[in-house]
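Presented sequentially are two complexes of chain A, the first with chain B as partner and the second with chain C.
Here is the complex of A and B:
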């Protein structure tokens, strides 16, 4: 999966699931402060991404350190590389 | 709603084939079309809302506006008393549809659980409108809406809160229709217009509906102090349990409940101008309630049931029908039982309200009864 596909898939999930306006979906956007997700949304975000990318996070606490959308793209990209 | 009922309209429609449960012989339901205003509810509120909470939210917003408050108005000492049959049946079905085949909860969102909890709508409304008073959630099926109002009235009368958003809400679930069918209490009619026939000799049972009824109750002196338009007053309430059984309509308890509510109001039988019956069009339930009304008033007081217009909105019915009663008290026009009415003598010798009949100034008794032997009656007085 290309990085562009990851960005597209994550952005689509944010737009559809959390109703974030597409113009806000920038790599530097802060997931909580700029995109408006709270702690419950973050849990659901992981579930949505697990389904979209067909993986299962063994340690969901790893996501706790992710603050921006760009960091999330990178995190999923690394996961994909591990599973490649 | 009231304008539709005054025009003689019926809110029921055929159940689409794909929503029918095999073996269940029910063909009609009262569904709410997806309200266009749903998207106007902020996502952070809407994410925990199943249809029952959305209905309640939209009705509460109307009630607050009618009472002269915007959704942002600060409302100190204000609580919620909102009845429901259960939490979201649609979410519960979705949960088990995923959980049972998968054997795990991996794909279940956190929001699913907030929609399934029984008090999902009551707490959802309190949070949505920033209310910090007590939240009460009577879970009493078809009596829950009237209990919602009655408990709100008692909360204010006891001085615990000054204002309460109250009533009941219900979302359609095929399992509810199936339950009534299994116990022989559901209508098998295949035309919507003639499916719900309370007190009628042709009645065969309940038609399930959905919706929400919300009233805004305010302590009288405070309402007067802010020059608000008082639509009516709640002056009495009773809720009793019948030991007769979970599904055994009981005329004695029904009569006792109405008498106790009138005693709570400090009123006599002759003060009553109209009885709005629970009558859901089941053969046994309508007969028991009719006989209870006959015992108290004979043919002296007009009676009708609104289930022919709305179907049975279950937990919402007591509150939706109380709203209709208040509209009747203000217009002076009674809504008769619908559907080319053919009264059944087995429902007692009572006065069935006629088309065009006027409502005299006086008290109105509203009944709601539920499976599980729950009986509730509310007494309304015209604004004084």
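Here is the complex of A and C:
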């Protein structure tokens, strides 16, 4: 899976599941402050992304520490490399 | 409307609201004191009733400025304990709870109503209105259970904050998690037009009509379908949000014509 595919899959999940406007889905967007997700939404986000990518985000606490969309793309990309 | 007329209208509106609030506030303080002195649980339900009466009477008194139209106001009656969800556009939305006919309601809110509606903070505390900010999900759930045991409806604003644009915002999942966990019916209350009467962050009001529509309750018997979804509470959330979108879109279309 390419980095662009990861970006597209994550952005689609945010837009469809959390009703985030596509123009807000920028790498520098802060997940809580800019996109409006709260801590419970982030738990849901992890489940949604696990389904979208079809693998477990092994260290969920590490995901909880991610603050921006760009960091999330990078995290999934690295995880993808580990699974490859 | 000319600027000076808008200013005078707003001044008159908030003056009437302030005077009425000052007249009713001592009854709230009395309930607060009674509750402190006796600890009687029944006083909580009196305080919830007082909150409902305050909302209803205030907007009834302000009818020359604001006319509230209620559609299916009895929908939540007889379905308690239940959850009422409401979209959020304006400070008026708390008052609008008085225009649905279930009198025992407990809003789950941010901290600002406790700070802004200062004369009513004691009665809100007595009624057990739940201040969600800074509390964990477990704490909020425990507080909700107390009201459920007393047969009250819990009122959630799933957007979490007033919409700045008038558009329906993202829904958070708390109300829907609780509904599934506790098998509570959900009664969606759709508020139409309150944001254009008083915009968030301003004290300018524009006279006109506000409509509230209570949509048909979603009963727990319907939850089995949602429980089959990968994230059940998100499936329920999406279903309820879609009902809001449909209702608000139909209202907007009706009023453009």
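Assume the second predicted complex is superposed on the first by the 84 of 84 C-alpha atoms of A that agree within 3 Å, B and C clash if a C-alpha of one lies under 4 Å from a C-alpha of the other, contacts with A are read in each partner's own complex, and residues count from 1 in each chain.
The rule is short, and it goes like this: a residue touches a chain if its C-beta (ideal position, glycine included) is under 8 Å from a C-beta of that chain, and two chains touch if they have at least 3 such contacts.
Because the structure is predicted, anything quoted here is derived from the model rather than measured.
Undergrad: Look at A:18 in the shared chain and tell me whether it touches chain B only, chain C only, both, or neither; answer first, second, both or neither.
TA: In the superposition, A:18 touches chain B and chain C alike.
Undergrad: Scan A:82 for contacts with chain B and chain C and give back first, second, both or neither.
TA: Touch status of A:82: no partner.
Undergrad: For A:38 in the superposed arrangement: first (chain B), second (chain C), both or neither?
TA: both
Undergrad: Have a look at where A:56 lands relative to chain B and chain C in the superposition and call it first, second, both or neither.
TA: A:56 sits against chain B, while chain C stays out of touch.
Undergrad: Find the residues of chain A that appear in the contact set with chain B and again in the contact set with chain C.
TA: 18-19, 36, 38, 40-41, 44, 47, 51.
Undergrad: Where on chain C is chain A touching in the complex?
TA: 137, 160, 169-174, 177, 230-231, 233-234, 241
Undergrad: Considering the complex alone, what residue numbers of chain B touch chain A?
TA: Spelled out, the residues of chain B in touch with chain A are 43-44, 47, 106-111.
Undergrad: Give every residue of chain A touching chain C within the complex, in rising order.
TA: 17-20, 36, 38, 40-41, 44, 47-48, 51
Undergrad: Using the touch definition from the top, list the residues of chain A that touch chain B in their complex.
TA: Chain A residues touching chain B: 18-19, 36, 38, 40-41, 43-44, 47, 50-51, 56.
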